[in-house]
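Presented sequentially are two complexes of subunit A, the first with subunit B as partner and the second with subunit C.
Here is the complex of A and B:
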């Protein structure tokens, strides 16, 4: 690789924008990746969880005596034992009208879903730990289980949570514009309900945590498959606080150094964020405290404990085999294993197996939308009303709660189309199922329901899917407002219309007509589906405050760069890569800024002792724009510092300094150049430093200002065998615009992976609970992830709308998954001539919809 | 998903293996390719106390061809049979079935006979045994015996194999040039167990069907052969109408159950469609060198 990339650098083209090979691949392909199960620490103990076989039951008693006696077992913790030494999960994300039930890391008196953890075995091997699980006796008393949205909405059924109103945890409404007026004025109103069943994020590597305890200090080094190591560090630290609030506060008060440092930091924070803090919406905390005042007591104890703590865990994330959102949350297992290791004073690891992963590794997207569209007979949209329901399962995800998904619907639902008015009511219901986590484009079902509804409305009005979109899509300079009615501002980066128009050029409608006829001749049906969407990637500055006022406190990105005294360049990111090629793309960005080769730059991530705090870690399609942005800016700043020193050394003006392939020289005189090592060495000698870098710069990056949208139009061709319901996707086209691309290979990979998951969602994947909340899909024989055989060639057309920002690359991680389910179900509808209102379409269901077989009663 | 402790035995001869089985009976289990047994053990679904690995037994590793049959030994991997010229020439239905068995990685380790002994009613090979009227060779410390395919498959994962017996091989009758067969199936993904499938064979001479076999899988607790549908075909000329008549009998006869991947109605519908498609394909393969 080095010769090709060096040529590029020498020729002045730079690495950014090039299809540079991934630097991660070599270690992965030869089996040298460092995944959590590869760590093999000396003396590590292994944990396994006893999990409930009941969907909903009381625990009358638990007997771990026999399990504890098994040779090789170090300790069996009952749920009650671990709960006694940990603090509960309290809501991190609240919204007015929502109650979030508190829960502990283990279940001790009641289980609420299949797989609910009730005991933890720590043993010398995972084999022995699993042997011990078979010896644990739990006396369960079965309770009525809530297995569906319908059951959860029904009053009078068994409640999962005593303090809730039935099984509805909250309901909240947002209104934009005059909705009644829009509905009264429109020629007609069309209403339809759309259902999406449950899916599961399925990373190749399951979750895992290895807690290494320092036997002398008790310090915890936590190795974790985490998208957000910093959040995990503070969450675990808080949940392991044992002292009372009063004791912690007294200890804090005695520590004058800590006290003054904290007060100074708090003062700085308030000064910097006064305005944002004033906007914060506290109605969620109010509704929470009304339902459960103890929330505040737990908050205080954990907060005071963090202030007083002498030591905090270190969290480290090395290579991670995918996550798709599921490894951002802190899970109950994380806290339980950390507590067990801390109590034992010995290192413990837990590697989730695939069955556990399918039980509770993260589930998503079980949602229902009743949409009413007010529309004129010419197809012009006027108003939209949405009644949405989200099935969060039993335990509310932490910290990103399903309520956040509902708030994202609020902002996204109207899509890139003009509307006069919009209202959405979202209900969060609780059922006896696994935990809902963010899944690649967590809000994506708004695109699915909206784009499906557009086709349905078009059909009712005698229009084509193309016509209804053409008439309503926002067009720059024609019908594009300055902001969505839901709040976020728009600029030329929200150019969905451009991708839509380009897609229409590429479709070849004449060929489509011939292909449809050909398919019919073979007893098949061929259909075409179109779907467009926009996503904040990272979005304009007012995006997060549109989602919820005050949340933009968390959306900057920190980064750091340093040059060692030997000239080594290191970039520190707070992102936690897990398949997105951060290492490659950040090297490209930094190498160009520094004028060096990619191999001259080291990217450091994942260690909370070495990187700066980040609440989000990797998520929200921010790795390119925000993480890449802060890499670029810190590198640029350091280069300027280097150029100043180099100019002195070369006795030239700073403006004349050029750097090519690491050769720092006066422009035009490369033969008399010096190296980064020469410059760093000079600085080290002058300042007499050995144990700190020669150059260092840390930055807080807030993005490029307005814009920040990624947009795309997906087109799917779906061919259905009317005899068997088997599906082929003869063509799939994505026209996307994520701004100037850092690495086309990486963007292509992100798009393809997202589309593959969309294909999975529609045709293969279903987390299948029966009406009694028994999970039917507990292995890969029943939870079907599409393989390379099921994924067609995916054509990708890049459009790169430039703006004036310094780092205008926009995010692309989630888009593929957002557009694909909509395009595919639209294509199925077109093929069968039936308006599909459900997202999961296995072969039997396709034949039912086609009228070939009788539907199951 | 870690197996519980078990005793591992690796006999050097078939007699040793049979002696071990005689000793352990129900507590012993034969390990060949391990593609069914090992997942069952990892999931702790009734794991055996004693695992008897027959992987080194040379006498079970051959494919033998006689005038009347092709006999596949218990340690012949799917992949080896799949690529065997003799299997393709004399038992084209077996050859047609093998590419449908799992994925390539599974076929590299799993054995033909192991799949038959496991008797998953959704698997291809048990249905192929029924369709070809294969003979199962069983051995125990007390001697050997042969069991015909219809008597061998008795229920869900249940066969005529006694606790002290090993299924040492299976003989598939060698077919002449007027006979061929195929396996057609519909599965959720490439390599998955079928939601419905059929192993079928046709013997056609002078445009008259002289023999027919239809054995369905993934429709009941065992593979199911439907003689009534076969009889409809006999003496007829091969045609879409003939095949449809057989398909109608099939859908009148079968009573499959539903699961999360396929409803009962869908399975039944597929059985009819696949009857037609399978027979047409089987006919096309007659006289075509594999």
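Here is the complex of A and C:
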């Protein structure tokens, strides 16, 4: 076996820490998974979108008559028809200095990117719906398109959004420490610009939504490939509100039951969150309203509509075929399909195809960073200035907007290194491109730019990449501050230096010299790159308030545990798994807490009627620490309730109760034990209940302790063939510390999958728009997802820094992708002896950098 | 593999006989429908997945008369009389197929949307080459895309399957 997995047991004697095989496999590996396209609802109609072939154009007219007449077509909605019955997307994340253009679920008078939806066909089959698309006539009038960051920054070009200042939607600056002083005092200042082109998440399953309409009540059951079903439920409910604000408020006023329920809930919420609410930063909303006061009117109308509504959609997420961030947002298509089903009173589904997914299923990371580093000649870093630009495309992602990515840069950019001062200015620009969504470590380019810059600074100072990192990395007991200069608290889990030191031990530098010489002999070049990072997964309690005061209102994790009257243990999570093996790992955690077998625990997820609200759902590497944490804590609490009843039944003290393999007994007397069913049955009989759980515990979990950093050092070896530009990765090493591991098989998979996406980003994948914003990569023949031939075996070394916390697991979902582009581009720079300043390095570019071929243009 | 031998006017259907996992299905199909759509919708076996519908990702791979084939690029009418094996046809009453068991043991997949294609490709690979090298495995599976795993666990799964099926360990 070539696997680097070890069957290690990290902690305890139960399931946690073991490489337990996945329970999900029992359905997936025999073809019995239930993905969105597999659900086969009775009487379902099929939707297809007519999309713009122009990057930027006015719509003069649209004619859907011929399409509507096609047999099998139920209805063709124009953009204007659906926009008339829906509310627009209004900004969810705002920052002072930013304007976010409002937009509707469809485009009716203007299109702003290739693939912009202009009409929706609903038909008896997808084949017929797609036939009808061919019959829709749209008269477009071409406009100048903005196809690059440079074009967007240029004044005087055609504007995408009338109310914006040019195509820059906002600019905001944050300063930490005395930056001028740091730059004046330092021996020198080194400045460089780094560019990352557009990439795409590309899960193997595309997006999809199936809206099932109850013909009598009109209730919508929305099946969705959603990482965050609860947010989608509220967003769709809000966007389908039709009544005016006044009408909704009048309705609400008449409904005394709803009124008192709402007021009680609001009172509880305010009481629980008074402090956080007071800290909320409203400067973003002020900037927004200055540009577009209608934002408030839409907000009031949707808010009032939600207050008045008696019925909200139910959103359900079954098995999901990957997402990597792209299925977190609420998309325009979600709202359009829900509105179409609601208008028709009939069930409608839309399954995105791959071309659509490449057009607008989620794009990311087209960013530019100009970094200035103030540094002394001995390599000690003093100050950092960053000018960052993010190309958000045409329509602002919702709810997680690109502004949040910039806010995360603000907190993360200095990395695990000590600095006296830091300043960052971020610009958000709009171009005629697809929507930017979160992609596995949405802020990850700060690590890429910083780690690349460190090598560049080292080279300029005559130091090695190892030396500059060794001198500046935060080291426990030596140079570890109590908090980052950008705010968040630091504790012993900030163990980057430990992973860095271990990585160095695992590199044979003498062998590297020999390998380099050998490569040169073969007409190749070999190089090594190192990169380190830290991630708040989940981060200290003040992490999100450092990102933006008040955002921590949204980042707790709810969970619930129940024991039925028959003794069945059910754990309810608000996470929405899409490949992370939640079902397996949560069973491990709960089974250990209850003292039962894994098969005795049922995990319930994905149904908003059965699980508690969660803004984020699954995202942010929180499934282990936060989702797993609330499973552990609710199970622990419930076990105590069970032990109390069992102690009475066994006529013993609670302290003497032991539970092994589901046998609840007095310690040392297992033969006289009782079962969970016995205890639950007793409670049911005493309380005379049948249809409610015998035991129930719900909890709002905010994490424990002061730490929660997940860290790693990546080391990449690359071998470049100077004849073909082909790259091989003879070795790739990850030394990571995510604390005690719940399931090493799962963690290894997450790390490797992330690194694979990083390899794809650097050498193969590019969402390629030309200067006129025409998309050149609309199939998998153009957008190159790496195969088993391109991804090497990845060596993983686990380190486990433990804290006093009861739930010490840290997240690991995003890290692989955060570290890999930096380590790989550093390795390429080392191999070729040039300082690479771009992230995308396909064979032709490597040959240009190596001087083998002349650069284009 | 048979070519469609009859032509059909728009709206007309053609009778086909599909042999799927040993069961015969006599169906009237619109001649333009893909084999994948007919397997999923008419036969009702949804284990075969559609990832790209243009023949690159390989998630829809089935065995057609034993040969790994893209069910998204093949028309149902081309499969008239062809023996089709899908992921649902691998396990028996005795349990999982050794390739399925091995992929489970190796924790090969995450979201597993791509798994039907990898499983079918692997079954064909090990039939033709019971003891492949790692390089051969990687090359043979390079027609299937996985976005979650970085492939190492899938390669491990194939190597585990070699052992379970009586070949040498690598």
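What we mean here is this: the second predicted complex is superposed on the first by the 845 of 857 C-alpha atoms of A that agree within 3 Å, B and C clash if a C-alpha of one lies under 4 Å from a C-alpha of the other, contacts with A are read in each partner's own complex, and residues count from 1 in each chain.
Rule of thumb we're sticking to: a contact is a pair of C-beta atoms (placed from the backbone, for glycine too) under 8 Å apart; a residue touches a chain by one contact, two chains touch by 3 or more.
The structure displayed is predicted, hence computed values, not measured ones.
Touch criterion not met for A:219: it reaches neither subunit B nor subunit C.
Contacts of A:580 after superposition: subunit C is touched, whereas subunit B is not reached.
When the two complexes are overlaid on their common chain A, residue A:843 makes contact with subunit B while staying clear of subunit C. In the overlay built on the shared chain, the residue A:40 is in contact with subunit C alone; subunit B does not reach it.
Once chain A of one complex is fitted onto chain A of the other, the partner contacts of A:682 are absent, as it touches neither subunit B nor subunit C. More residues of subunit A lie in contact with C than with the other chain of the pair subunit B and subunit C. When the two complexes are overlaid on their common chain A, residue A:723 makes contact with subunit B while staying clear of subunit C. Once the two complexes are laid over each other on the shared chain, residue contacts for A:768 go to subunit B alone; subunit C is not touched.
When the two structures are aligned on the shared chain, A:354 is found in touch with subunit B and with subunit C. In the superposition on chain A, contact of A:789 is made with both subunit B and subunit C. Shared contact residues of subunit A, touching subunit B in one structure and subunit C in the other: 127, 353-355, 779, 781, 787, 789. Of all residues in subunit B, only 1-5, 43-44, 186, 188-193, 195, 258, 260-266, 269-270, 273 touch subunit A in the complex they form. Residue ranges of subunit A in contact with subunit C, taken from their complex: 1-3, 5, 19, 21-22, 24-25, 28-33, 35, 37-38, 40, 127, 202-206, 319-322, 324, 353-355, 578-581, 745-746, 748-750, 752-753, 755-757, 779-781, 785, 787-789, 791, 793-794.
In the complex of the two chains, the subunit A residues touching subunit B come out as 126-127, 130-131, 134, 353-355, 723-726, 764, 766, 768, 776-777, 779, 781-782, 784, 786-787, 789-790, 842-844, 847-848, 852-854, 856.
Across the complex, subunit C meets subunit A through its residues 30, 32-33, 40-41, 44-54, 56-57, 59, 86-88, 90-91, 96, 100, 103-107, 109-116, 119, 134, 137-139, 141-156, 159-160, 169-170.
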